[in-house]
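Below are two complexes that have chain A in common, paired first with chain B and then with chain C.
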Partner chain A sequence: MDALSAVLQGLPMTIVLTLSAFAIGILGAVPLAVGLSSSNILIRLTSRLFVDLVRGVPIIVWLFLLKFGIQIGTFKFNPVAAAIVGLGVVSIAYLAEIYRGGLQAVPRGQGEAAHALGLTRGTTFYGVMVPQAFRIVSPSIATYLTGLLKDSSIASTIIVAEMVFQSQSFARQHPTVEGILPYILVGILYIALSLPVAYLSRRLDSHMRKAVYA
Partner chain B sequence: MTLSEIADGKLAPRTGIKLDNICKRYGDHTVLDDVSLHVEPGTVTALIGPSGAGKSTFLRCINLLERPDSGTIQVAGHTIEPGKVVNNKDLAALRSTVGMVFQSFNLFPHMSAMKNISFPQQKVLGRSREEADARSMELLERVGLKEKANQPPGRCSGGQQQRIAIARALALDPSIMLFDEPTSALDPEVGLEVLAVMRELAADGMTMIVVTHEMQFARDVSDTLVVMADCKIIEQGDPGAIMSDPQEARTRRFLRAVLER
Partner chain C sequence: MTWLTEWAAYLPQMMSGLGVSLLIAGVSIVAGYPLGLVLSVMVSARNLALRTLALAVVEIGRGAPALVILYLFYYGLPKFGIAFESITAACLALIWNSAAYSSEIMRAGIQSVGRGQLEASSALGLAQRHTFWRVIMPQGMRSAIPGLMGVAIQMFQGTSLAYAIAVPELMKSAYNIGSQDFNYLQIFALAGLCYAAISMPATWITVFFEKRMARHA
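Take a look at the complex of A and B:
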């Protein structure tokens, strides 16, 4: 089937975009989440401003700005790099907010007990707060990942050859009823890619619940 | 005797603590109004009084979970003035000398009972995992919960969790233990198993300060009864004497309310 092979050509790029942006987000959100809950008002406000600015603008606008709006000397973003950076920065902002919520949901007594035991702030954060926050936010992170997978299709607008871009070119070359076929297929592919994420997330969640709450 | 030796657990010296002129305000709201308390080594002090009297806040000021606005704390050869900048060395010395048990246990839910007790030993005292686990087992046995070692706190009853929390605090070899209403979240029967552990601890000569509503425990176990009301200590002395013949009208009112329940 021509339509299917056309769409599948874009599959590796969709996966690369999604996973690269997700990796950037997962790591980059850690310091930002700390900033969002900092007791220093300047750090907190700066972090808050960054999050609200990034989330307040549609992803498509960020991608256009990165692709066409940035030129430093002879340096310009190529489409793939612009898409990864754009989706990555947006992920940082969303995930930082998710992390912050998770950290705040850890009962206050946990931090107090850690301080009373004489654990340092670093040990308290990484040994006590983060593992519990992770348990709380892991379903939200999985939801974000499936959302990001679908948002990666926006990269097609800056000429990144992922699945939707490939569907469009196929449709353009087949201006008959056959042209609708790749869109149906790409829809099914997105669902197929989301399902394992949702499934693994539920498994992980119920596993952690069992381990902790019994 | 040095602090590091205490921290190594080579010596578990009997230490007292002196708190002088502790004041604490939240904005305009005064919580502690010039409270002083001297606790002799190896004694048990029970802190009673109506809600909002400042008992818990006072207890939390002792290990600086709450930072008093002024006053001095003298413990283990260190003098700490919490109204000023407290250096990390003094803070570490304070926290390693003073252990605390909370009303809501506050065990780490993502760690087994054993890990709850071992983790702080490894991080704070630098014990090896084997050393820490050996000490944890010893303490779990002492509080009668050896068989719960590998269970997460979520699979333990409230009374069991509180006993694990006591073991966790003891594992760091503190010379003073603070208890903030340790049985208030437990039903009376289960509370007894926790009180039994505390009685044993008192008999071993641990210096203890206990915020409690357990009058029987206060009468039997404590050496000093301290009554707080309206942000102050209003009466202190021999528990039997105060309970049978309170000098202050406020104390009488409070005791009548508690004892007639």
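Take a look at the complex of A and C:
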């Protein structure tokens, strides 16, 4: 299976891209989600504009902008860094929107009860709202992670040697019927890779449902 | 100021690319949604073979990256002697994508129709066909509208991937201008704004619909 080993050569890079961007997104989305649910209209609208603008531009445009457009002095992004930063920024915007939805879905009574108990605003937010919101959004986050895994394939267009890039180069070297194999294999691999995420998310979800309602 | 004057010079050259992007998005939606509807009905068919086929089409269309499906059509199939023009390959790949995504949304919409509606129809003696087309579908499709609008936006953005197989869409025209002037920053920023100018208002309209429907639910 030459085709399979060729495609698998790109697997580590695909995983590195996905997890790095995901880590950037998970952390970076927190302040943005706070901004999206801020009571200050200026902060809220600025955050909203940022989220909508980032999501309104296709990922490939972000990657090209970073890879070819950014040059500060002698600094230029290498392909891998451009891909991680680009996918990371897009993840921040999408995940912030998911977090905001989760925060909004926490019943109002929780905030009011915390207030009545005399908890400070910080404790109310981080100790009461955030843990419940996280339970609500964890399936959406898992769905986003599988989406991000697929979107990492776009990095092949700026010459990052991940799975799709490896499939391409194998197919170019094999102009015969065999050349279709890597595309089929890489498609199956993406589906196979998203299965454990879906499985874990379902387990996590049912686990947390018990924790909430038991 | 210089940015604005440069953008004003670049913009007309990008318009034909934007037209191609909108065309591909339009084709993938107009052909993909009816196909999605067929798939959404097929996945709950009694016939096992039919059900498996529909499920495979949906799962591959959603599970594999659009770029991979694009390459499969453009670089893969020609090895079997089935060759497409790049724009045809892009349309076919995105049709598959939009059919797969829309079928899931339509299926969820159909499932969201209350059981009472089914029971009431059967109590009224409506034929199964009428129950489905006149009772279930109108309500199910109504609740699927925001989701389908979301997929449409996703498809429009997905047309940018057609750049990778040299379709002369917006991204490709931006790249071509860029490789003449090397003003990549300005050009890709402008290309991004062109996409955003369509995606952002479309998202706002979708959110507006979502909120309206939530009110009536």
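Observations on the structure shown:
Note that the second predicted complex is superposed on the first by the 213 of 214 C-alpha atoms of A that agree within 3 Å, B and C clash if a C-alpha of one lies under 4 Å from a C-alpha of the other, contacts with A are read in each partner's own complex, and residues count from 1 in each chain.
Everything below uses one rule, namely that a residue touches a chain if its C-beta (ideal position, glycine included) is under 8 Å from a C-beta of that chain, and two chains touch if they have at least 3 such contacts.
Note that the coordinates shown come from a computational prediction; the quantities given were computed from them, not determined experimentally.
Applying the stated contact rule after C-alpha superposition, one finds that A:T176 touches chain C and leaves chain B untouched. Residue contacts after overlaying the shared chain place A:Q168 against chain C, while chain B stays out of touching range.
When both complexes are overlaid on chain A, the residue A:I191 reaches chain C alone and has no touch with chain B.
By the touch criterion defined above, A:I70 lies against chain C but remains apart from chain B after alignment on the C-alpha atoms of chain A. Legend: residue contacts after superposition of the two complexes on their common chain; A:W62 is shown touching chain C, with no touch to chain B. Within the superposed three-chain model, A:K150 lies in touch with chain C and out of touch with chain B [touch as defined at top].
Comparing chain B with chain C, more residues of chain A are touched by C.
The residues of chain B lying in touch with chain A in their complex are 63, 65, 92, 95-96, 99-100, 102, 104, 106-110, 119-120, 123-124, 152, 154-155, 165, 168-169, 172. Within the complex, the chain A residues that touch chain C are 52-53, 55-62, 64-65, 68-71, 150-151, 153-154, 156-157, 164, 167-168, 171, 175-180, 183-184, 186-188, 190-191, 194.
Here chain C touches chain A in the complex through residues 59-60, 63-69, 71-72, 75-77, 79-80, 157-158, 160-161, 163-164, 171, 174-175, 178, 184-189, 191-193, 195-196, 198-200, 203-204, going by the rule given at the top. Those residues of chain A lying in contact with chain B across their complex are 107, 109-110, 112-113, 115-120, 123, 127-128, 131-132, 135, 211-214.
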